[in-house]
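I have placed the structure first, in the form of C-alpha cells, so that the comments after it can refer back to it.
Chain lettering (A, B, C and D) follows the sequence in which the chains are written, and residue indices restart at 1 in each chain.
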Amino acid sequence: MAEDRIAVYFCHCGSNIAGKVDVDKVVAWAAEQPNVAIAREYKYMCSDPGQDLIKEDIQQHGINRVVVAACSPTMHEPTFRKAAAAAGLNPYLLQMANVREHCSWVTVDKGEATEKAKRILNAQIHRLPFNEALDPIEVPVNPAVLVVGGGIAGIEAALKLAATGKKVYLVEKNPSIGGHMAMFDKTFPTLDCAACILTPKMSAAGKDPNIELMAYSEVVEVDGYVGNFKVKVKKKARFVNTDTCTGCAACLETCVVRKVPSEFDQGLGKRSAIYIPFPQAVPLRATIDAEKCLTLKGKKCKQPCVTSCGPGAIDFEQKDELVELEVGAIIMATGFELWDPGQDARYGYGRLDNVITSLEFERISNASGPTNGEIVCKNGEPPKSVAILHCIGSRDLNYQEHCSRVCCMYSLKFSHLIKEHLPDTEVYELYIDMRCFGKGYEEFYRRLMDEGVHMVRGRAAEVTDLAMSPEEEGRLIVKTEDTLLGIVRRIPADMVILSSGLAPAKDAKAVSQTFGFGCSGDGFFLERHPKLEPVSTITDGIFIAGCCQYPKDIPDTVAQAGAAAAGALALVDNPTVKVEPTISYIDPEKCAGCHICVGLCPHVAIRYNEELKVAEVITAACKGCGVCVAACGSNVPQQHGYLDNQIFAEIEGAMAF
Amino acid sequence: MSTNGSNGFEPRLIGFLCRWCSYNGADLAGTSRLKYPPNMVPIKTNCSGRIDATHILKALKEGADGVLIAGCHPGDCHYINGNYRTAGRFPLTQKLLEQLGLEHGRVRLEWVSAAEGDKFARVVTEFTEQIRALGPLGWSAQFVDESVAAPAAEKEAVPA
Amino acid sequence: MSKFKFAMYWAGSCGGCEIALLEIKEKIVEVDQNYEVVFWPAATDFKYKDVEGYDDGFIDVCLFNGCIRNSENEHLAKVLRAKSKVLVAFGACATMGGIPGLANVASAQEIKDLVYRDSPSIDNPDGIYPQERYEVPEGVLDLPHMYDTVKTLDQTVDVDYYVPGCAPEAGQIAAVLDVVTAALKGEGPLPPKGSTVGVSPKTCCEECKRVKEEKKITSFRRIWEFLPDPEKCLLEQGLICMGPATHAGCGARCTGVGMPCRGCYGAPDGVLDQGAKMLSTVASIVDAPTPEEIAVIAATVPDPVGTFYRFGLPSSLLRRARV
Amino acid sequence: MRYLYYPGCSAEATGKAYDISTRALMGKLGVELVELDDWNCCGATSYFSVRELDSFAIAARNLAIAEKQGDEDLCVICNACYTTLAKTNRYMAESAEVREAVSGALGAVDRTYSGNKPVRHIMDVLVNDIGLEALGEKVTRRLTGLKVACYYGCQYSRPMGDFDDPEFPVTMDKFFQALGAEVITDFAGKAKCCGGMMMLTKEEGALRMCHELLKGAHDAGADVIVCACPLCEMNVEGYQPRVNKTFGTNFDMPVMYFTQLAGLAFGADPKQLAIDKQIVSCDRVVAAIPA
C-alpha cells in the first residue's frame, strides 16, 4: 500500500471556530505531524471553494487520507465525503474533527480551546492510517409508506403520498380517523367549520385506492431499516365484520348498555357499548367496546344488536389480528394529548362543577355535540359569565415549560363563540401574554377586543366556590392578580374554561422506543435538526409531522405533513438507497462458534452456520451497533469504520500530549 | 500527589460517546453555546455497546486521568438494547479498576440523550472537577526500571 | 553429527513446565538424540558461572519458563538471551506473567509484610525480615532483590517464540520441538519471529466439545456449588469459563472434565487484553429486564482481577495495581 | 417506633396545647418521642427574609444536634418549623455556598452536620409510617358524625410537597376519615394562609384571610376546624371576635390542634389533651363524639 498522505483542513467557520481557536497555530502544528502531507486553513470549508481545496489536493498532490476539522460530522460529513468521492478518493478515507460543537462553542478560554482542538484533531490524524476504503451498501427500497396516526397530519400526509401513486398504510388506534380536529367546532381565526374542512379529507382518505386504512389498529413492532421496514400492526378486534357492516347504526339504538361516557364527547355525552364514535366517522363502521359489552364480559344479554343487524356483521368471536407490513418509509403523526388540568388542584378541575377543559368546551359548542351546540352549564342554564384561563399546564415550570402555541388563539375563538351565542354573557380572558403570531391572528385578537371581551392580564391563581359576597354566592370565583391594574381580583363566573396546554401523548416515549428514535426533554418526538430537518428523526426513513413533534396549529400541521410526505417520497421514489457500511463482519477462519454474539445481536443479524460451525453476520440486517465486537472474547466480529485499532489510534492521538 | 486546579493539574479525559444520543447531546451543548471545561476529548462510536473494558483500560494506559462513557437512556437506544450491555460491563470494569487501586470516580457512565445538551455540559463539568479533586492518575509513570544493578540497600523508589 | 545445544531455565514459576517437558514421553529420546543439554538446573548440575562463560549464541535453543520476579530472574534472562540463538518463552509465566503475576496487585513490601508480619500464623515478635545481604565469617550471602512488579520475559529481553500454557500441553511441546529441530537441521523454515507456537488459531471454544447455544446468564455460580451439566457449555451454566477469550491449543482438557477454562493459553490473536475482553464478554451476556438489574448481577462476579487475569496480569494493559 | 422530637418555640408558649396533645396522642399510639437536646428556634419566617444564611445556620444547629443524638428521623409538629428545617436540608444539598457557610457556622460551635437528617412532619409520620389502616384499628372512639374542616395552612406542604400535594393537600383528610370523621374534603381554604405575622403589622389584611377561612368552614357546615400549626391555630381561633366585629359575622367555631381531636379518638382524656385550654369552647365537639 502507498504511504499515507494525509491532508488536514481547518475550517474557520467564519468566527465560529476561528474566534476561539488559534487556527494558524493549530495548522502549523498539524503540518508537522507524522503522515500529514498538507495542512491548510480556510474560512468556510463547506463552501464550494473550500470543497475544491480538498478535490485539488487529492488530484494534484496525491492526498489519500483527509481530515476536515470543522463542525459536527452530523452536519457536514456527507458534504465533505461527497467532495472526496468526486475527486476519486474513497469517502470513508475522510474523517471529521469536531472542533466547533465540541470545542470552540463550549470553551471559554482561547488557549484552552486551541489545545483541545489540537487533541481532537490529533485523534483523527492518528486514526486515519487505519481507515479502510468502504463502499456504501445499496439496498432496494420498498415504495410503500406507513403513516401512523389518522389525525389531520396523518390524513394530509397519506393523501399527498397517495396522490403520487404510492401505496400508503394509514394506521389509527381509534375506531375512526379524524383525530382532535374532528372534535373541534370552528377553527381560528377564519372560523371555518372544522368538520366542513376535515370531513372531505377523511372521506378521501377512506376512499383512496392507494390508501389502506387500518383503523382501530396499533403498531406493535418495528424492525428493519431505511427503505426496508418490517412493521407488525395489531388490528384490534371490533367484534364487527367491517366488510359487511354498512355503518347504518341500527345496532346503536338497540344496545342495552347506553350510558358509556363518549370518548369523542370528552365524557360529556353518552354512547352505547356498540358504537360509532361520531356520525362522520371513517371508516363508518360499528365497534363493540369489549369492556362494556355484556356478552363480551360474559354476562347475559339478549344481543339485540345481532338481531338488529341486517347484514349479520356482529361477530363476538373476532380476535385481534397481527398484520405484517413492509414499507420503505414511516411518517409518525401520532398527535398530542390535552394536558390534564386535574394535576393542578388549584383550578378545581374534577372537583368543582362547571370547571371544564378547552376540549370539553369544543364539544359543548359543537352543534353535533352533547348539548347540540348550546353553551350551557351543568344545570342546563346558559352562563352569565365565563372565565377563560390561559396557560393551564403551559409556561409553568411546575408542569410544562413550553408554550402550547394554540391556546391563546383557541381561547379567543371560544370568546367569539360565546359572544355569538350569548351576547349578554360577560367573557374574561385571563392571560400572561397574548401570543397571536400567525396569519390573521393579531387581527382576530383586535376583533375580539371590539366584541367586548374582558382581557385580564394575569395568570389565574385559583378557582374557588367559596363566596365572600352575595353576588359570588353559588358561582365560581376566579382569583387573579390583574397586573395591568395592579390589584388582586375576584372574578365571578358560571363557567370556567381551562385552556389546557398540549402535552406529549402518554405513550410518546414508548412509541419513540418502538420506532427507535428519541424524545426531546419536553417529551415530544425529537426532530433530527430543529431548523433544517424538522420533519426527520435520527432514524433514517422515519419522519414526523404534527403535534407529536411539538404543539402547533392546523396550518403548521398541514404544512409539516406535506413536508414529511415529500421527505418520504424523496426516499421511496428511488429504487435503492445507500446505507452506511459501518456494519460488522465475522471472519469464519477465526470464529470458534461459541454463540456469544448470536444471542446478543439486538437486530437478530447474526446467525449460526451449522455447517461451518461459525457465526455469520446478515449484512442486510446489521445496523452497526458493534455490540458483537465488544462482546466477543476473541474480537472476531469487527465493525467497519469502528475497528478496534481505529478506536485505539484515536485514544493514542487524543492522549499524545 | 493530588493537586487541585489552582496549582495547575488539568485532568486529561476521554469520553466515549454514542453517535445517536450522547454525541448529539454534546453537539446540542455546542449549538446552545453552553460552556464546560476543555479537558475531555470525545470519541464517537455508533453505540455505547461497542465500548468494552479494553477501550477504557487503553485510555487509562495512554495517560487518561478519567474515562466517561455516555450512551442513550435505557429504552432509547438506537439499537434497542445496546446500552444494556454497557450497563453490565461498566460496574464490573469499575470493580476491576478498584481492585487495581483506582478510585471509584475515575470512570463514569452516564445516559445523555440527544436533547440533553445541558446534562452533557453538566456531566463533563462535574467529571472534570471530580478528577481534578482525585489528582493525576499517571498510570505509566509508576513503572520504574527495577534493574539488576539496583543496590539492595537502597529503598525502592515508589512514585505515588 | 554434533548435537544442538539445549538449555532450559526455571525463573519465577512453580516448576510445572519442567515436568511438562517430560510429558512428551518417549519423544524425550528424540530430544536426547538431537540435543546436548548445556544448561538445565532442574535436571542436571550446572552453575551460573558455566552458562555465563559460554560464547554469545552458544546455545541453539533455550526454553525459558517462569516470570521475572527478582534480580536473579532478570540476570539469567539477560544471560540466556545473549547466549541463545532461539529464546522461547515457555509456559504461561514466561509469556504473560502467570499465576505469580497476580502478585502485581500488591507491592513487594506489602507482600513481605503479609508473609513475615501480618499473616495470622506468623510468630515473629522481633519483626525479622529476610535481608538481601548478610555477612557471615565465610563471606557475604546475597539474596536476589525482589521487585515490586512481576514482568514477563519479553518485558525484560527480546523473545523469539512463545509457547503458552500452564503448563504447555505435551502434544504442543512435541510439535514445537519438531519444528525447531527441523529448522536447525535445515529441513524446514522457522516460524516468523515473535510467533506464538503450539496453539491453534481460534479460541478454546473450538476445541471444547460441549454444546454451545445462545448465552444468557442470570446469576454466576462457582464450581463447588453444583454439578454442571456434562454436555452443556459451562458459561451458559453460570460458570465463568475463559474459553471465549483464550487461545486454543490445549485441547480444552479442562472443560472436558467439567472445569471452566482459566485462560492459561492466553489471549487469542487480535485481543489486546485478555482479562478486559473476557470481562466484557461475561458482562455482555448477563440477562435481566432492566439495565440496573443487569449492573447488579454483573457486579457480583467476585475478584475480577483474579478471575480474568489469573495468568495475564503482568502482560495486561495496566500490568499491575497502583503502588 | 421512635422519633427524635422537635417541639419548636411556639409549642412552649401559645401553642403549648399542641405539644401536650402531641405527646398524649403519640403515647396512645405507642410511638416514643425523644425530645431533641438543647434545641433552639428553627429560625423561621421573617428572619429568613432578612439574613438568610444566618437562618440556615440556626436551623442547621438543630439538625446537627439531631444527627448526633440518634439515627431516628426528626419529627416536627409546627408547619413553619417543618418547612424551615426541610428547606435547610434542601439548600444544603443543592447549594455549595449554603453548605460551606452553614458548616463554617456550625464549626464555630464545634458542631458538624452532613445534611442528611430526615425531617418529618408529624402527619407524614402518622399517615405514612404508622399507616391509615393501623390507625383505623387503634381507634377507640370513632369520630362518627363529626364534620371536620382540615386546615393545613400554607406551610404544610408548600413549597416542596414532600409528602402531599403542595396546593391541595389531602393527608389530613384521609387521617380523619380513618378516624371515622366526616371530612369536608373540598374545604376551599384548606391550604390558604391564615394571615400569619401580618396580624401584628397589617391586621385588616390578616383578618380578611381569617374571615375567608372561617366562612369557608362555616358554610360547609363544619363542627370544628383542626390545625397543624400554632400560628394558624392562634389566628383562626383567637381572632374570631375581631373577625366578627370587622365583618359583622357571628362565628363561634371551635378550633383545635389536630392532635387534640385525634387524641380523643384514641381514647385520651380531654384534659390530657389540654382541650380545656382552648379559647372557643370545644365542649360541644367533645360531647358530639359518640362514646
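Note that in this section a residue touches a chain if its C-beta (ideal position, glycine included) is under 8 Å from a C-beta of that chain, and two chains touch if they have at least 3 such contacts.
Since we're looking at a predicted model, the values are computed, not measured.
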Out of A-C and A-B, which chain pair has the most contact pairs? A-B
Expressed in whole Å, how far the mean CA point of chain A lies from that of chain C is 57
List the centre-to-centre spacing of chain B and chain C in whole Å, with centres computed as mean CA coordinates. 31
Distance in whole angstrom between the CA centres of chain C and chain D is 71
Check: chain D positions touching at least 2 other chains come out as none
Multi-chain contacts in chain B, i.e. residues touching at least two other chains, fall at 52, 54, 58, 85, 89
Could you list the positions in chain A whose residues touch two or more of the other chains? 600, 627, 630-631, 644, 648
How are the chains arranged in terms of who touches whom: line, ring, star, complete or other? other
The chain pairs that touch are A-B, A-C, A-D, B-C
In the complex with chain A, residue positions of chain C that touch it: 201-206, 212-216, 233, 235, 242-246, 248, 267-272, 277-278, 280-281, 284-285
Would you tell me which residues of chain B are touching chain C in their complex? 52-54, 56-58, 60-61, 74, 83-85, 87-96, 99-102, 139, 142-144, 146-148, 150, 152-153, 156, 158-159
Chain C-touching residues of chain A, taken from the complex the two chains share: 589-596, 598-600, 627, 630-636, 644, 648
Considering the complex alone, what residue numbers of chain D touch chain A? 165, 167-168, 186, 188-189, 211-212, 215-216, 219
Residue ranges of chain A in contact with chain D within the complex: 344-346, 351-352, 464-468
